[in-house]
C-alpha cells in the first residue's frame, strides 16, 4: 500500500518527460495534418547539442548553474538550424500528397538525420552528468528523488500552460485554430498558412529538442536515441488524440502511470502495457480520448 | 500472353537459383536467402498497398514466423526448413485471422498506427521475457531438409533453394490470386470503397482476406530468416524492421509479383555496399534513396500517388 | 399492375426530429416515380430505409412480397435494389471503360464466394447477363452514349457525363429497382433533359423500376409517371404529376409559391 507514493511520483516524473517529448508531435499533426517521424531526430539532436554544449561549457569552467540555460539554448539553436531547412527545403512541396506518403517522407528524413548526427557528433557516447548531479536530491515519504527531475516537471507545466495560453489567449493562437480547422478557408481569408506551417514545425520540433536536451544529463547520449522516443510519442499522442494538446497531457499521464505501475509490480509487462493501451484506444476510440471535434459527415 | 510470361519468369528464376547456386560464394547465398525472406514480407505488403493500406507492423508476423520456427527447433527438435516455414505461416495466419477482424475496419493512418501498436506489443512481450530470450534473443539450430542434414558447405545452398521454392512459389500463387475477381477488387477498393460496397461486395471481407495472406507470407519470411541467420531476437518485431519492409515494398512498387524480391535484392545491395563504403552513412543512403523514389519515381509509388489528400 | 416495392406504416425518428411518419407507398413494377420535397422533408431517409442503411422504428419495407426491413444493405443490393449518387461515385484513377469492367468484375466476385483460386473468369458470362464482361461493358456504355468517352479518365469528364456513368455502373448489377438521388443536380439546364432521356430510355429497355429524387419540377413533370410529395416526414400528395404539382399544399410546402392572401416568402 505504501508503494502507491513512489508509483505516483515516478509516474508523474515520467509523464512530464513524455509530455514534453510528445506534445510537439501532436501540435504538428493538429496544424499540418502530418505524422512527423523526424520528431525523434529532433529529440536526438537536442540531446547531442545539449550534451556537447553543456559539456564544453562546464569543461571551460564556466558557472555550472548556467549550464541549464546552455541546455535550453543549445536545443533552440540546433532546431533553428535544421527545422526551417527541412520544412522550407522539402516538406512544403509535399503537402498535397497523401498523409501516409508524407509520413514515409519524414521517415526517410529520419534515417538521413540519424547519420547526420553521427557525422557531426561521432559515435562515442556523451556523458554529461553534472547538471543532473548538481541539484542534489530531495525527499518524499522516505524516498530520495533527484531534484533535477523537478526541472522536467516544471518544463512540462510551462510548455503545457504556455501552449494553452497561446492557443486560446492570443490573436496568433486564434489564427492558428482557424488554420487547424480549415487551411483552405484560412488561406482564402488572407492568412499566411505557409508561415504558420513553418513556425509550427519549428516550434514543435523545438519542444522535442528541449526534451532531448534536458534528458541528456540523465543518460548516456548514444546514436539511436530517438528511435524509442518516436514510437513512445506515437503512443502518447494516439491515446490522447492526434492533434490535441490536452490529449497529449492525458496520454502522457496515462502512459506514465501505466508504466510506473508495471515497473513497480510486474516489470515484464512494462512495454506490453503501454502499447496495449495504445492499441485499445485505437480500437475503440481511434480519434483518441480527447479528439478534436470533427465536422459531422453526412 | 502476359500471364504465361510471368509464370515463365518465375520458373526461370527458380531454375537459375538451383543451377547457379553451387557456383555462388557463401555470403552471396546468404544474401539471396535473406532477399527471398524479406521479399516475401514485401510481397504481402504489396497486396495491402494495392488496396490502399500501408501496414507499419508487418514485423509482427515476421517475428511470429521466426520465433515459431526457432521455438519448434528448441522445443521439439524440428529443424526441417519446410516444416518451420509451414509452422511459421500457420501461426502468423492464425494471429492475423483474429486481428484482422479489428484491423479491417480501419484505413489510412489509423490502420498504420494500429498495426504498429500491435507489433510493438509483441516486441514488448519478448523483450521482457526471459523464457523467450529477452533482448539477447535465441539461437536457432542448423537446418535440415526432409530429414537430411546437409554437409556444412552445402547448408546455405540447400536453404537458398528452399527459400527460392518458397518465395517463387508464393509469388506464383499471389500472381494467380490477383487474376481472380477477389484479387481484382483491391484497386477498386482503393479508388472508391463506397462504390464497391454499394455494388454488393464486402470490402471488409476482401481486406481481411488479403491481410491474412500478407501475414502468412511474412510468417514464412520470418521462419526463413530465423533458420538462415541462425538467431532470433525481439528486434525482428521492432518498428524499424517494419520500416525496412516498407522501404523494400516502395522500391518495388506494385507492378508485378517478382518486384518485391528484386526490391529486396536491391535493398540488400544498397545496405551492403553503403555499409562497406561508410558504416555510419548507410542509413543516410537508404533514406536518400527512399526520398528519391517517393518523390521522383512514380513507377514504384504509382499506386500511392494516385490518391490525393482529402480536405 | 403488380407491386414490386412497398413501404407500410413506416416511422422513423432521430431524437426530436420526425424523419418519417406513417409512410405508406406501393411502387408498381416498371413505373417511374418522382419524389419531391424540401430538404429535410424525408425523401433521403425514405431512400436510405429502402436500401437498408437506416432501419425504421416501426413498419416494414417489402420487396416482391418479401419483408426486407431487417436485411443488411449488401443483401438488399444483391436482391436487385440499387441506387445512384448525388455526387457521382466513380473509380477516379480508371477510364470509363475500366470503371464499367470493374463494376462487372464485382458481380463476378459476388457470385463466386468459393472460387478463391479460380482462374480468370474473364471469359465467363457475367452473372445476370448473357455475355462476358467486355461485351456487356460495351453494350451498357453504348446505351448511355458513353462510347465516345470510353478511354478517358473519369477525372477529366464533364459533370453530366460523370452522372451518366454513375448511373450506368448500377446496370452492371442488373437492378430491378433503381433509386436515383437527384440525377440532374449540378447539371446545366440544357443538358438536364438530354441526360434524363438517355437514362429513362435505358431503364425502360432494361425493365427497371425507377424512383428518383428531384428538385427540378420540370424534370419531374416530364419524366415521372407518378409523384410522391414529402413534407415534414409525411407524404402529403401522391398521384399523377400534374395533379400533385397543382395541389395547393404541395405548391405551398414544396414548390414554394406564395399562398393567396397569406403572402409568405417562398420557402428556400
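Order of writing sets the labels: A, B and C. Residues in every chain begin at 1.
By definition in this document, contacts are C-beta pairs under 8 Å (C-beta built on N, C-alpha and C of every residue); 3 or more make two chains touch, one makes a residue touch a chain.
Keep in mind that what you see is a predicted model, and the values were worked out from it rather than measured.
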| item | value |
| --- | --- |
| Per Cα centroids, the chain farthest from subunit A | C |
| Per-chain Cα centre nearest the global Cα centre, belonging to chain | B |
| Whole-Å separation of chain centres (CA-atom averages), subunit A against subunit B | 32 |
| Distance from the mean Cα position of subunit C to that of subunit B, given in whole angstrom | 44 |
| Approximate Å spacing (C-alpha centroids) for the pair subunit A, subunit C | 51 |
| Subunit C residues within the subunit B interface of the complex | 73-74, 77-78, 82-83, 89-94, 102-103, 105-110, 112, 115-121, 169-170, 172-173 |
| Subunit B residues within the subunit C interface of the complex | 173, 176-177, 179-182, 184-185, 187-188, 191-192, 194-202, 306 |
| Touching residues on subunit A, where the partner in the complex is subunit B | 33, 35, 90, 94-101, 103-105, 107-116, 118-119, 123, 184, 227, 231, 234-235, 238, 242, 267-276, 278-279, 282-283, 286 |
| In the complex, subunit B residues that touch subunit A | 54, 102, 106, 108-110, 112-114, 116-118, 120-121, 123-125, 127-129, 239-240, 243, 246, 250, 280-284, 286-288, 290-291, 294-295, 301, 304-305, 307-309, 311 |
